Amino acid sequence: MIASNGGSGKKRGGSYGSPPRRPDWMGMLRRNALLLGFTVFIMVMPAWAVPLSKPLSIPIILTMRLVGVYAIVAVGLNLLMGYAGQVSLGQGAFFGIGAYTSALLTTKVGFPVWLGIPCAILVAMLFGVLLAPVLRLKGHYLAMATLAMGIVVFVFLREMTWLTGGNDGVRNIPHLSVPFLEITSTRGEFYYVWIVAIIVLALCSRLVDSRVGRAMRALHQSEVAAEAMGVPVSAVKKRVFILSAALGGLAGGLFAHLQRFIDPNQFSILLSISLVTMVVIGGMESVWGSVFGAGLITFLPKLVEALPRWLGEVPDWLERYSNYEGMILGVIIMLTMVFMPSGITKGMVDLVRWRRSSFVNPFRRKAVD
Amino acid sequence: MDFLGNCPQYIANGLANGCIYILVAMGFNIVFNSTGIINFAQGEFCMFGGLLAYTLAASLGLPLPLAIPLALASTAIIGAAMERLLVYPLRRAGALVAIIATIGASIFFKSLGRVLWPKEAYKVPEFTAGNISLPGATVSRQFLWVFGLTILSVTAVYLFFNHTKAGKAMRACSVNRFAASLVGINVMRMSLYSFVLAAALGGLAGLINAPYASYSMGLFLGVKGFTSAVVGGLGNTFGAVTGGIVLGLLEELIPGFLTVVLGVSTGYKDAVAAILLIAVLLLRPQGILGRGVVEKV
Amino acid sequence: MLEVKGLSAFYGNIEALRAVDLWARAGRITTIIGANGAGKTTLLRAISGLVPVRYGEVRYVGQNITNLEPHRIVKMGISHVPEGRQVFSSMRVEDNLLLGAYLRSRRRSGGEIKKDLQMVYDVFPVLEERKDQMAGTLSGGEQQMLAIGRALMSKPRLLLLDEPSMGLAPLVIRDIFACLKRLHDEGLTLLLVEQDAQIALSVSDYGYVMRAGKMRMEGEARELLGREEIKSLYLGEEAVEGEEGGHGDKI
Amino acid sequence: MSGKKIVVAVLLAGVLLASMLAQMGCGQKESGSKEPIKIGVVLSESGANEPLGKPERNAIKLFVKRLNEAGGIDGHEVEVIIKDDQSDANKAKQAMVELLEQDNPVAVIGSSGTGTTIAMKQEAEKAGIPQVCMAAGANIMDGDITWIFRTPPTATEAGRKALSYIAEVLKVKRVALLYDTNPFGSDGKAVVEREAPEYGLEVVVSEGYQTEESEEGMDTHLTNAMTANPEVVLVWGTNPGPAKIVKRMRDKGIKLPYVGSHGIANQAFIELAGEAANGVVFPAGKMLIYQKIMEPGSEEYEFIKDFADAYFEEYGENINTFAGHGWDAILIITEALKRAGVGATPEELRDAIESTKGLVGTAGVFNYSPTDHNGLTPDDLTMVEIVNGKWEPAKE
Amino acid sequence: MPAEEAMSPLHEGVALQTSGLYKAFGGLTAVKNISFAVYEGEIRAIIGPNGAGKTTLYDLLTGIYKPDAGRIFFAGKDITGLPSHRITAMGMARTFQTVRLFPHMSVMENVMVAMHHRTHCGFLSCALALPPSRREEAWMREEAHRFLHIVGLEMQGESLAGNLPFGQQRLLELARALATQPKVLLLDEPAAGLNAYETRELGDIIYRLRDMGITVILVEHDMGLVMRISEKVMVLDYGEIISEGTPEEVRSDPRVIEAYLGSVVD
């Protein structure tokens, strides 16, 4: 190390030898442990979840397929919003574009599904490139511009009937498939989706810990400093945006073939907002948090729906959970933001570690900090 | 040409909608000025205004002159509660957190609205029924109320901000929050007032937007109101007037043109505000008047 | 009148004030001088409740006002003219002044407020000429006068002034200080923070010298004015450096 | 990292615990003498189609309750498993698959809306299970109709009824169509534009609106439509859009006849439109005004009266069309089950439904055939006119 | 500075040169006609009272603002108006007056961000962890460690930057700036908030950087530090250069004394 020759003081008695540093592979292993653990968890899931589904009245595997799809798009949104700090309330647009691309290519042009989904990614990326100029905006402006973007895409999906079929939607979309094999069983779909999702998760968790990920996080924390450190801020933002669009497209493509029927109303602003909710509840700047958020938001209604069956007779209002689902989600979001702005996963980790840092009572008048 | 012949009607309709947008947009601006956040739940205040007026006037049978102030006051209380319970604790948080928190509030309010008022629409009593024929256009009598009340509200807000102590203090907070606290203004209290005022304006927009109100009107009006605020220059309280009128007119003239002249589907009407919003944000973020603030790094 | 004991305050992670003591007597002009970055502004802000105090206390006419909210402190009669003037630039001059009287009830003391407004106009006639202009269109010196006038409108017993000379031409600085002197003669207690030691000490009764978040020197203003060390405290000298080197806090 | 692991562990433990509890709770169920017959139901109890889903649910629950009190089918109780699709096709499909995988129902009912029904239809076909839907969209019957049946009159029947009324009673030619841009409206638009020439009518303008728009917004659409000099205004949508339009029309003094769709066959329309509702004509099931057009004592009359009385007693509300659709749906399935026997395979049940003939329901008399799974004809509809805030038979 | 010199091509050994820089905000001219040249290997201090325009000058040099008039030459090229990250990539780095670390990233990561322009692996390569990106990552860690060692933070590599005590945050900012491998390093009040011990250590580090061949420009209020380490001092007041010379010359310059202590009244 060339470091400290010449200087007048070397205070810490540093030797010239190689400094004590933690071997890199330790960190790699630890990160991968989580990934490997999760992969195993998913792979064995049907084994215990299928027998459990019936007594619990919660269709675990069936719901997990969708969780996988949402996890993919939520992770993409988290890269953009949690890591790079760029709010998007229009992520549903890319999801919709991806879904329609693959659905139309496979039903009208006759593409095989395994070709349709990559095309969905490409088209979503193309839209990402076209819409990237909104990234010039910041904060609230960006939020509203992306919201508007979502509305525009929704209206065009609905109105361009010659292409999209309008409100009639696209139906009889083929099942998911790999070359020469169509996947029709729930379990098959579960594995298909989750293998893709785990690959995406693995790639994304690598990415956030790499040069690119650091640049993203840096520009989130201070654009000026990041720029001054040689990070081409607008280029990085743009790429993250396109990447998140691509993941939206991928998830949309998978979604179309899972649902096999899509119409524009499935891709309205509400979808974008619930995606944001997933990211926020799961935790910004946390790849795994997004999976958790997607899981929570998707399973919560199922859980409440199952309650009557566990408890026998329940009051009517409990049975009509979906009527006030919004109230519960709204309260969860608000409480999360007030008490655990870093999301539930991180908030819980902090609580478990008895670290009060992120849990200062925000209602207190004076913050002596 | 038919289109030109229809223009007076389009303009009258555009003005009527524009007035509503102005009220919503002013709410956005007032809150933005005093707290620096965009309240995504602003549209839901309109919902509360309209539906509370329905409940008070139509269900409980209160006379309108009593029901309307009560509805406005209740909406203002909801606004105050939101500020105390959500915005105040987040006063030190970043934009992202604030955005998401107000989105949460908006989801909550909308859902609450649906539980309390589950039907697809309610008829809010009109102040005066009937209509007036003008050359080339027919407008409802309610339109006169909308127009009059909007002018009244804009004037009242103008007077409030320029000629009352509390109003000047709120302006002072938006100009220079630091100096405001130095002269003894309780800045957090002003944030509360701004929410009260914005909620009341939103409520007014919701209830004069009669005769129909529903739980789902929030997003619709919220987006339009925000677009108006941006078009007029965000943070510029009276830019909202320009913005609202521009958006209101464009929204009626463009589909009119599309259908009557080009014969294209008017379903695209929904996209007018959204496209205008993106265009203004990208091309002229300070608003078409150019006096608004542009968010700093 | 104002007593500061062992005050420590942080700006983010920076310890900007380290156990500062200060005593401003009623009816006098007390000055704190020091080069920029010494912590003078932080001290004033800590007194008026804008920067939280970590340790120590601030007492004002016998009451503990440590960490009170700013508007309460203003109400008690301490008015702060901030660094860089901070006028409400897009509001009229007169509105700026009237906002200074924000905490006074117009009903009860409406007449008095008018009188005070006239008093401010008497002290700064230029403000009366421009009372309908936007404050942002005033020159720097006029803005400084406005800021002082605004602070006076709350009828303070103690006026805190932060660098009233900053960014102003020497002639204007002289005017401002002449006005301060006049206010003092009318019975107002002043606590002044200045970089411009010469002019500040020349109008003051008592002076403190700050450096790196600490009080380094104090004394009667006239006496301080004569001391050579002041210059070295500003422009730095090895001797001073060495003196403190020994007891630097460890991190 | 270790913290995260703890979280994961806690979650896992929670899931296991919950599942154990659930298993315990489940043991008590099998107490009845004979195994219940399960019928899956997917409805839009919330979201855009909430006004449809809620009465449908009420009717179905009431029907089953009465059926079971009367001894069920061959002593078997009927159990309905109701799921909410939130008016979202994606959730409907999910709910459908859940039903199929978890509950093995003999048939499914659902859903309320067109999009949600299509999403379910694909799964019903795949699984081979009869589905009875309560959605009106004509396009539901596009493609394979093996497994799907429907109870409400479709846009096609309603559209034909309305068009024939325009052509034969009003005797005018130029139709201005205003439609909601939602699925209901665009479906109607397609039908009207397709069928109009057969009745010698010309759709001179079709104008899409959004139901949330203000009255002034509607006025613009109306103004656009009036430029084409129509002789009648036909509005295809659900509340509150049509109410806004008719109110505006009458306010402006436009005297043209206003013909609506079956989407406004409810009391809410009259409440919303107020005075302006008078004179509005729309196609609807005969149930709506059964007391006025049917002979007391006739089979249809008594059937509907029985339903109306029971419904009012249970819920304190008057029946409406949607409740009727739900009632018909469960009726058709249970009648078919009685004929095919409790142990019938899905194919047998399907055939039994398909062979339904002359079954009196609330919406009319159902006659299914291998080529027609709609069951109703335009004659099962009637034109209703609003007179003084009340439904009256329109002049034919 | 005579104008003709500023306009002429760069002299041998000049690291950074400006000619006639102007920048106004609204009505206020923050920087007026600033021309100067800094030679390679020099330690140059810029001092002046608050509001003299020092930070604005930095912002102009590093491309955060564009000057209204005037040119900036660096590394033999005209860099006026280039985006910030390009200027950094060419070898000019800065620290900030108010510390602008990335507080939620580890110390090591903070430094690694600054190597962005010296590394190349893109999204795909990073996500797939291809061998080049892994090699690059390892190299970056090693480099980062080296820079942390220079400022003495090598033991804190894994802690969050936001959790460091303030003095160390300053040092980390310095290490981060170094990691961009600058030829010219602009320090903005590096000693603000440091105690005497830390300040002294900072001085030593700056010497060491000079010895590594880095030209150091610093804006500083701590006159002790300025006078001790800088070879040449430039004094700004009201956006203009009012004095330039060795520390001794500047200290005795009456205009400087006046700028700081004020003119004598009466």
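As written, the chains take the letters A, B, C, D and E, and residue 1 is the first residue of each chain.
In this text, contacts are C-beta pairs under 8 Å (C-beta built on N, C-alpha and C of every residue); 3 or more make two chains touch, one makes a residue touch a chain.
This structure is a prediction, so every number in the text was calculated from the model and none was measured.
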Overlap of the chain D and chain E neighbour lists contains A
Can you name the chain that lies farthest from chain E, using the mean of each chain's Cα atoms as its centre? D
Roughly how many whole angstrom separate the Cα centroids of chain A and chain D? 36
For chain B and chain E, let me know how many angstrom lie between their CA-based centres, rounded off. 48
For chain C and chain D, what's the span in angstrom between their mean Cα positions? 75
Where in chain A do residues touch two or more other chains at once? 158-159, 224, 323, 325, 367
For chain B, residues that touch 2 or more chains besides their own: 114, 118, 265, 267, 270
Residue ranges of chain D touching at least 2 other chains are 46, 181
What part of chain B is in contact with chain C in the complex they form? 165, 168-169, 171-172, 175-176, 178-186
Partner chain C, residues of chain E touching it in the complex: 49-51, 98-99, 165-169, 189, 192-193, 195-198, 200, 221-228, 238, 251, 256-257, 260-266
For the complex, give me every residue of chain C touching chain E. 11-16, 35-37, 83-84, 163, 165-167, 170, 173-174, 177, 194-200, 202-203, 212, 230-231, 234-238, 240-241, 244-245, 248-251
Residue set of chain B touching chain A in the complex reads 32, 37-38, 40, 85-86, 88-90, 92-93, 95-97, 99-101, 103-112, 114-115, 118, 219, 223, 226-227, 230, 234, 265, 267-268, 270-271, 273-275, 277-278, 281-282, 285, 295, 297
Which part of chain A faces chain D closely enough to touch in the complex? 30-31, 33-34, 37, 52-57, 59, 62-63, 66, 158-159, 161, 166-169, 171-172, 184, 186, 255, 259-263, 265-266, 288, 305-306, 309-312, 320, 322-323, 325, 345, 348-350, 352-353
